[in-house]
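The chains carry the letters A, B, C, D and E, assigned in the order they are written, with residues numbered from 1 in each.
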């Protein structure tokens, strides 16, 4: 082993040409997105905020269901807890909303521990329903917290939103109104969160834990026999996605500035739509949720004014995609072209294998 | 002039609250065809009865459509997220069809701490408040001979919490007037069993029931109460029996249920926009749609009256501060009565942002040949609105 | 010192007792063969040793630790590696990645520390040409090799091989025997279930015969094979 | 006495939940199909009954009898041509397809019937009650409970006494081997869903007579139905009844303590049962 | 024309090919044994014949009809029943129900009825009301055979009916084979117990790695031939 590592005959690569181009593209895209507030109007910024935050939720649900095999329909629990913790921090502890977002992530993480302890006792459909019920329980409990508005809900105090960290600086720098500065700030945070989420998940998948996730998905029995700690992988995935979902929830509600239990724990907004995004885009890939969220956004932009018909169409599209393209739009694309923008495959070359 | 004034309008056109918006199209058409309507472009958005969605569309209207003023109607679930957004965006906003307490207090950071409450600078609201409904309900009850024992059905939502609030809600006023209140606690909406409440009411010998449940819950409660042999002399219910369809759902047992009446065809007011009387407006709606009139019609109409009036008094409709000032200075005789933000009948904290409209009490009476009519039975706080009869006990 | 010892281990599936009061020990460094007719409970015995199944009764000790109720994954860390009779590859991973998982998790090392070793094992098991192919598409023979390779990748102290030679040609079998011998020569203890007797006997030092979940003989291969009851039970064809 | 009343009301409420759940239990038990559109199908059936009542002037019970075969057909087609394609070891396809169905159904109903809440005309039956000692037991809740028991007895008879029931159980155990017996799993599943739709029709009848319904109330009831099924244990119909009763009684007891805890108490009871028995109270021996 | 015949039969599990052009044939009244090591593809062959795995229509012919493309529930009524590997009784059904399910939705005339099957395996009559899975392995195997016979098939496929059974039980089970043959059914038995296979079969196919490597009658095949074909190595 040691003599081989001193004279490396074999090379392991994970990159492909497509991924190198994609990586460069991603960096450029990120920089462009950072610059958007300098030239674009608030409409675009708000749309991008929506896309980015939904993308974060979708990536974490995908991590959970697509990679971890944990099909939860209770992600709204973490959105809601994250958002409520942020409100609690601001209203009850007088924190600034921006650091309170972190509090949101931490709170979601903390409630995820007992949730996981319970939910991991359940399998398959029981797990799905169990997580849903737990989210309902959290909604009902938060509806009893009178200090945060109970069932009525509450808004962020005007003073807190006006004097939020860095808004004044942004307002000065970009010469915009306070409300626009707040949009820009939350947008930048969403961008940061989305970039960190994708990078983090990509990193995870390229680490040995990513391999373990695939192994457990393919064959749990064999995975155990080669030393993969399937239980720990489940915890890792569940807690990570709870934390990230909580952060996203808190951020979304900093921007909305108003919360109520029904809104913050909405199964439709925070789980059903996210599910559609992931499935339409392609589950079990990083690219899928990205494509899915764009499709979802376009559908919404085109059809949302048609009210019931919009939702009706969304339901039908979900069914059709699941039946005819279960691997989603990205699945179709990558099947046709073989392109992977976020490759995780380790390719062995060199030695007697030839070819780089 | 040239460019039209841009109004944003958000209401729940689909979803569980859609009944509030059933007259929207009719009102909008009327506005568009009116003389001043030609100066306006109204961009309508559907909240889908979803507070998240309401905030989103408000944002779109402000940012993408660059509206000059926001109009929003129907329930705190719609008005509050929209108003919060407008206030943050510094866009003038007029809202209605939500009692002012859940609207005002519901948007405060800590609703439990009045010292922390702040006024709004761009958001204005016209409707009545809990003190009015309390006045109307007690006046109706006082017409009957009862033991003054009241049972409360307050859900844990914006309305229920406001009604049951120990400071601004029913409890202190009822206590003052010598009523005893049996309030078992805030239940969740869509509860399937009310035996706990019924038992509590029976134990306290309740003869009057009040509350603000959603329609399915009231039906469940009322049916179960009948089954359990609990028949109060009066049941004055907000929200649940607002619409005739909801009362019809009770079969024959809806007879003599009482409710607040904010607007009816017999309200002696005329539109400042078209000159129509209340009866004309309601009749027009029925003629156009074949449906029975409902209370939100007048208020949605008044919302557009307000818009026309306010914008008629500013020179630059794009100047948000000027528009807000003009709203604050309103003195409009509208189809729902006088709208002025003069603080009349309001505590100091809400004086700047809220204008109150008159409120009376009515009872649903079974019509020969099916259906119900809403008959005004109490006008003690607004004597100019004629009554159609006196309060009757539920048999 | 014995690396593995089983004491009165039993396991039933419903009414069927598949492992019936089994006790034996394997000294460190030994190669033990297990034979017995189909359904005798050989694979079940492996599953009990690796922790894929939990014994109903009895104790299993590995390196002087009681592992009877220890999960499979921890037994792997402790040094138990196995192949499955019905190959269980991670279908969506490549052959190389199959080994990487096993090596990095089974030994709790970073991936880059084991890459070279995995490549070496691929060479050794002649899987190098298919290293970058998804394991789901391999032929039966390649799957069997992968089973072996993956078990080796965990760097086991005790290697359990379940019918690894079935269906191999002469030449392939010789290559396999070479591989197993070289593993054995490194001091790895081996337990090998096999129907291909000549392959088995060319490696193992001791032979265990299982029938209906019971041990009916254990000892020197020559000696065991010459017993009439073994001949009858195992080579049914001679009856 | 109040406590007795509380429990009695809870048991009767449990009957309603069991009725909501029985069809779900059948489908879940036989196919492991998590049908998130079950609540919306009940609502759809309620509208169907309503249409028959208003257009043909039928009394609700008769209207339900007319609606039942229609729902049976809808169930058969739905399962055969849509849901069968989602079955498998992966729970996502059925979850997503029925989620989509639920949303589509809700909005189609909204489009067709508006958001107004509706109720089936019931006449005197809805408010009449039997007086037993100090207890008042509503006739309609009693009828609901009795129907739940009748449905469960009926389904059990079907399950354990008929050749169709044998086919249900066999296909549920092992569809591949069942097909070796000449059983068409696709047909068997379609028949099961069709039968579940008969129960759905009955549930819709009581839902519509008991209180208002509108296109959006399906999901709120669905969660109780699922809880009843899961508490009872996969495939146990009596377990489903027990599950419904547990939820119902927990709710009324929770409410008697404080109405704030009413719905929460039902959920907590569910979580507690699962904490102690992750596979429900009466799980199938083999699974 | 053979009763049952395959030509160039292939089978796949996902990317993995399990059968490579298998040609076998079964004549009316004949009993054919298929032997081979673990994983040789015997069960896959049975699954293809019975319609659990689908193939090109022409690859399998029953009485001249192309059935390769039919699914199991359509193949079975044509007169082909299978005793699957591992018995696979329905745990939710009693013994009698397990037998009855063999004729689901069809009336079949022929020798085999509930009574004749109870006569064949009298122990089942006693245990008729127990859950199928509460029986011993041998009794379960009897139920599995009985269940397949209930449809009075022309061809009966038996996959490893002696697997995991005690010798005396195996004897009982194999004692039933001649009676089944007498009833007019033709049989394909998959067997790893080569001795047993040789005893009942008119002809033997040996498979290795998805291919038929040897064919012959029991008396013409030498032990070495079999060993070679079986393991791919000379003894």
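Please note the rule applied: a contact is a pair of C-beta atoms (placed from the backbone, for glycine too) under 8 Å apart; a residue touches a chain by one contact, two chains touch by 3 or more.
Keep in mind the model is a prediction, meaning the values are calculated, not measured.
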Intersection of contact partners for chain A and chain D: B
Intersection of contact partners for chain D and chain E: none
Minimal step count in the chain contact network, chain C to chain D: 2
Centroid-based (C-alpha) most distant chain relative to chain D: C
Between A-C and C-E, the pair joined by more C-beta contacts: A-C
Distance from the mean Cα position of chain E to that of chain B, given in whole angstrom: 76
Distance between chain centroids, defined by C-alpha means - chain B, chain D (Å): 36
Distance between chain centroids, defined by C-alpha means - chain A, chain B (Å): 39
Residues of chain C touching at least two other chains: 91
Residues of chain D touching at least two other chains: 107, 110, 260, 263-264
Overlap residues in chain A, where contacts from two or more other chains coincide: 140, 144, 268, 308, 311
Pairwise chain contacts under the document criterion: A-B, A-C, A-D, B-D, C-E, D-E
Chain A - residues contacting chain C, complex: 1, 4-5, 8-10, 12, 207-208, 211-212, 214-215, 217-219, 221-230, 345-348, 351-353
Residues of chain D defined as touching chain A within the complex: 28, 32, 34, 82, 85-86, 91-93, 95-97, 99-108, 110-111, 219, 223, 226-227, 230, 260, 263-264, 267-268, 270-271, 274-275, 278-279
Of chain A, residues touching chain B in the complex: 41-43, 46, 50, 90-92, 140, 143-144, 146-147, 149-161, 177, 179, 182, 256-258, 260, 262-263, 266, 268-269, 304-305, 307-308, 311
Touching residues on chain B, where the partner in the complex is chain A: 13-14, 45-46, 48, 50-52, 55-56, 59-60, 63-64, 76-77, 80-81, 84-85, 87-90, 102, 106-112, 116, 118, 155-158, 160-162, 186, 188
In the complex with chain D, residue positions of chain A that touch it: 65, 71, 73, 118, 121-126, 128-130, 132-134, 136-137, 140-141, 144, 267-268, 272, 275-276, 279, 283, 308-309, 311-312, 314-319, 322-323, 326
